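Note that chain A is present in both complexes that follow, paired respectively with chain B and with chain C.
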Partner chain A sequence: MFDQLLFYLDFPFVRYAIIVGTLISLCSSLLGVTLVLKRYSYIGGGLSHVAFGALAIASVLKVTNNMFIILPVTIIVAVLLLCGGKDARIKGDAAIAMVSAGALAIGYLIMNIFSASANVAGDVCTTLFGSMSILTLKSTDVYLCVALSIVVLLTFVLFYHKIFAITFDENFARATGVNVNLFNLLIAIIIAVIIVLAMNLVGALLVSALVVFPALSAMRVFKSFFSVTIAAAIISVVCSLAGILVAILAGTPVGSTIVAMDIAAFLICYITNFIRSRRI
Partner chain B sequence: MYKVLSRITIIAILCLFSLANKSIAADSTFTNHVDIDLSRMSATMVYSIVYQMVTEPKKFVGKRIKMKGAFSSYYDEAVDRRFYGCVIKDALACCSQGLAFETFKPRKYPKDFPSEGSPITIIGRFDYEKEEDGIGFPIIRNAIFIK
Partner chain C sequence: MIKCRNLTLGYGCKNIVNSFDYEINSGDYLCIIGRNGCGKTTFLRGLAGILRPKSGKIELCDNLQRKQIGYLPQITIAQKDFPASVEEIVLSAFQGKSLLLPFYGRALRERARECLALTRTENLRKACFRELSGGQKQRVLLARALCAAERMLLLDEPVTGLDPESSQNMYSIIKELHEQKKMTIVMVTHDVEAATKYATRILDFNEIVK
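Coming up: the complex of A and B.
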């Protein structure tokens, strides 16, 4: 098995998958903690459906690099959803559900009516479940992913304290002089970027798992924001790497294998917490 | 004298046959030597490599490929030609990948071919066939069926 793995690692696209998988899982887990605490757990799913709709439009328009359409559209919707605040007419989960289902339906409709490919079912399946997208990346995709991941990580590290303050109490953060609207906008943009990147790894339907599971697993075991963030990052990266390697060796779909690993990690953390609380 | 000449002739023929046999053996068309053995890889890896072959065929041109999949064929009326394919199916049947192949020896369809969908293993040389409109497709040439 080890020899087989070394043989597979000789292929550049396997190495690309490991690099991109690690970076995406790291970025998604960092913001995942904030999203879960702000009760925006399902925003990942909603935005990934928006990205799917944008991808359908990009395919029809035959844009050379579909990122030029997907990224701006997803960012705009993320800003509208997260920065709409209390003044929005359609709030919280209702807005996310509406955008999510609407974008998915429109995307599928466009793909069917203006089909640019002979295999619509294959395109939809690949986009929704990630199928093998992560193993079909080109070097330019990897460079783009590395660059965007560095931006996300730097933003999170540089503004960690402000993100922490906004996560728990926006009013308190505002009172201490933090520009809450600006940082909510920043978080929305970062989330949109992560979602678009994560679609390659697990597909549009499974993005939520990548955002939510590591954060929830870490919250079972650790209590402070810092320790939960670090633990979520480690759990996410380990699960993604294990998922990619198992998928390559066993021939299973990459996205669902990664999510299965995340579920296993959550169960382990849940049982650990349960045993620990019984001892106390 | 006649006996000596006949012996020399027989030896010469045997030597020639042996040399010819060696040269045939050295030509990879007639051997089972492969550069990329897809039949020993997991479904995920096969899908990914076939995807690379379809999207970036130039990297694989000239390589000997061994492939395991389901036999498929279709007749293209526009070019009056029957195409044969080795298809790797996925569970949902939406993301199947495959490569066209051309047999080493001319065969008659359907009598000399397996039935549609039956499992096949082929070895052949990867090539990229360009069509008149400039668009091409990858194909495995000189393919032989392996049992």
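Coming up: the complex of A and C.
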């Protein structure tokens, strides 16, 4: 089996998949902690459906690189959802549910009406579940992904304490003079970028898992924000690597294998916490 | 210390506090009472600078600066199971001081420790916030407000939901801060009995709204 693995690692597309998978799962888990604690767990799902809708429009318009449409549209929706805040007429979860279902429906409709491809169902399935698209990445996709991930990671590290202050208590942060609106905007943009990237890895329907599972697993076991963040990052990267390798060796779909690994990690953390609390 | 002139506060198109004039003096222990929804918290949010006045002005006098005012908001549901250590929470109070503060120096850590000592929570420094009792949580959040404040504290229902012993503890800490540290206290409360006992001034919002 080890030989087989080495054999596969010789192919550049396998190496690309591993690099991209690691980076995306790292970024999504870092932001995931904040999103879960801000009660925006489902925003990953919502935004990925928006990205799907944008993808449909991009493919109808036959744009050379569909990123130019998907990324701005998703960022705008993310900003509207996260920064509309408490004064908005339709708030939080309702707005996310509405946007996500709406975008999915419109996207599928457009694909059906205008599609040039013979296999609409196949195309849709690929975007929704990621299928093997991670294994067919081009080197330009990889460079884009690496560059964006580095930007996301740097922003997170530099503003880690600010992000903590805003996540824990937005009102207090505002009272002490933190520019809360600016950082909320920043978080919204980052999360939109991550979700668009993560769609390549696990597909639109499973993006939520990358955002939510590592954070929740780490929160079972660890007690400070710092340790939760670090643990979520490690759990997420390990699960993604394991998922990609298993998928390659066993020929299973990449996205769902990664999510299955995340579920396993969550169960382990849950049981660990359960046993520990029993003992005390 | 703070002068409100013709102040109007509200959310959306609804006004909650209407053209209101008031002065808070240095050294006051002011308790704001009144029934639910009469605008006590809104007024406090205005003073804290979270809510912009729709019209009128909140003037800071006597060289009082925004960053010398500490604010203790009501605890939110999300915070109750938040995975964070007490130290992380208290240190987060310093984030308003500069745009980029990726590390906390020794001076800030020392100051955080002093504030924890003032609220009798020094021994909880490494504890996990979500595992504390209600009273301990409030005292930690008070310590965080203290880190941000040098001269004035705005407290939003600091004893709501606490048992008599914890509330007593909280009141005596606030009294100490007022008397020994010479801090100006503005407290929103439903506990009229304690308000009359400790406060030097009482502001009844029921009368203003009418």
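Please note the rule applied: the second predicted complex is superposed on the first by the 280 of 280 C-alpha atoms of A that agree within 3 Å, B and C clash if a C-alpha of one lies under 4 Å from a C-alpha of the other, contacts with A are read in each partner's own complex, and residues count from 1 in each chain.
Here is the rule we go by: a contact is a pair of C-beta atoms (placed from the backbone, for glycine too) under 8 Å apart; a residue touches a chain by one contact, two chains touch by 3 or more.
Worth saying up front: this structure is predicted, and the values here are computed from it rather than measured.
A.B. asks: For the combined arrangement obtained by superposing on chain A, do chain B and chain C clash, or do they fit?
C.D. replies: Aligned on chain A, chain C fits beside chain B.
A.B. asks: Is A:Tyr108 contacted by the first partner chain B, the second partner chain C, both or neither?
C.D. replies: It touches nothing on chain B or chain C.
A.B. asks: Between chain B (first) and chain C (second), which does A:Phe225 come into contact with in this model arrangement: first, second, both, or neither?
C.D. replies: In the superposition, A:Phe225 touches chain C alone.
A.B. asks: Mind working out whether A:Cys125 is in touch with chain B, chain C, both or neither, as first, second, both or neither?
C.D. replies: A:Cys125 contacts chain B only, not chain C.
A.B. asks: In the superposed arrangement, which partner chain does A:Tyr270 touch: chain B (first), chain C (second), both, or neither?
C.D. replies: neither
A.B. asks: Just chain B (first), just chain C (second), both, or neither: which does A:Lys38 touch?
C.D. replies: A:Lys38 contacts chain C only, not chain B.
A.B. asks: With both complexes superposed on chain A, which partner does A:Gly251 reach: first (chain B), second (chain C), both or neither?
C.D. replies: Only chain B; A:Gly251 stays clear of chain C.
A.B. asks: In the overlay, work out which of chain B or chain C sits against more residues of chain A.
C.D. replies: C
A.B. asks: Quick check on the superposed model: minimum Cα to Cα separation from chain B to chain C, whole Å please.
C.D. replies: Once the two complexes are overlaid, chain B and chain C approach no closer than 39 Å between C-alpha atoms.
A.B. asks: Once the two structures are superposed, pull the chain A residues common to the chain B and chain C interfaces.
C.D. replies: Common interface on chain A, chain B vs chain C: nothing in common.
A.B. asks: Looking at the complex, which residues from chain A come into contact with chain C?
C.D. replies: Those in contact with chain C are residues 37-39, 87, 157-162, 164-165, 168-169, 171-179, 219, 222-226, 228.
A.B. asks: Inside the complex, what are the residues of chain B that reach chain A?
C.D. replies: 41-49, 51-52, 55, 90, 92, 94-96
A.B. asks: Applying the document's contact rule, which stretches of chain A touch chain B when the two form their complex?
C.D. replies: It is residues 8, 11, 13-14, 119, 121-122, 124-126, 131-132, 135-136, 247-254 of chain A that touch chain B.
A.B. asks: Note which residues of chain C are touching chain A in the complex, please.
C.D. replies: 11-12, 45, 48-50, 66-67, 69, 71, 73, 76, 78-79, 82-85, 88-89, 91-93, 95-97, 99-102, 104, 128, 130-131, 144-145, 148, 154
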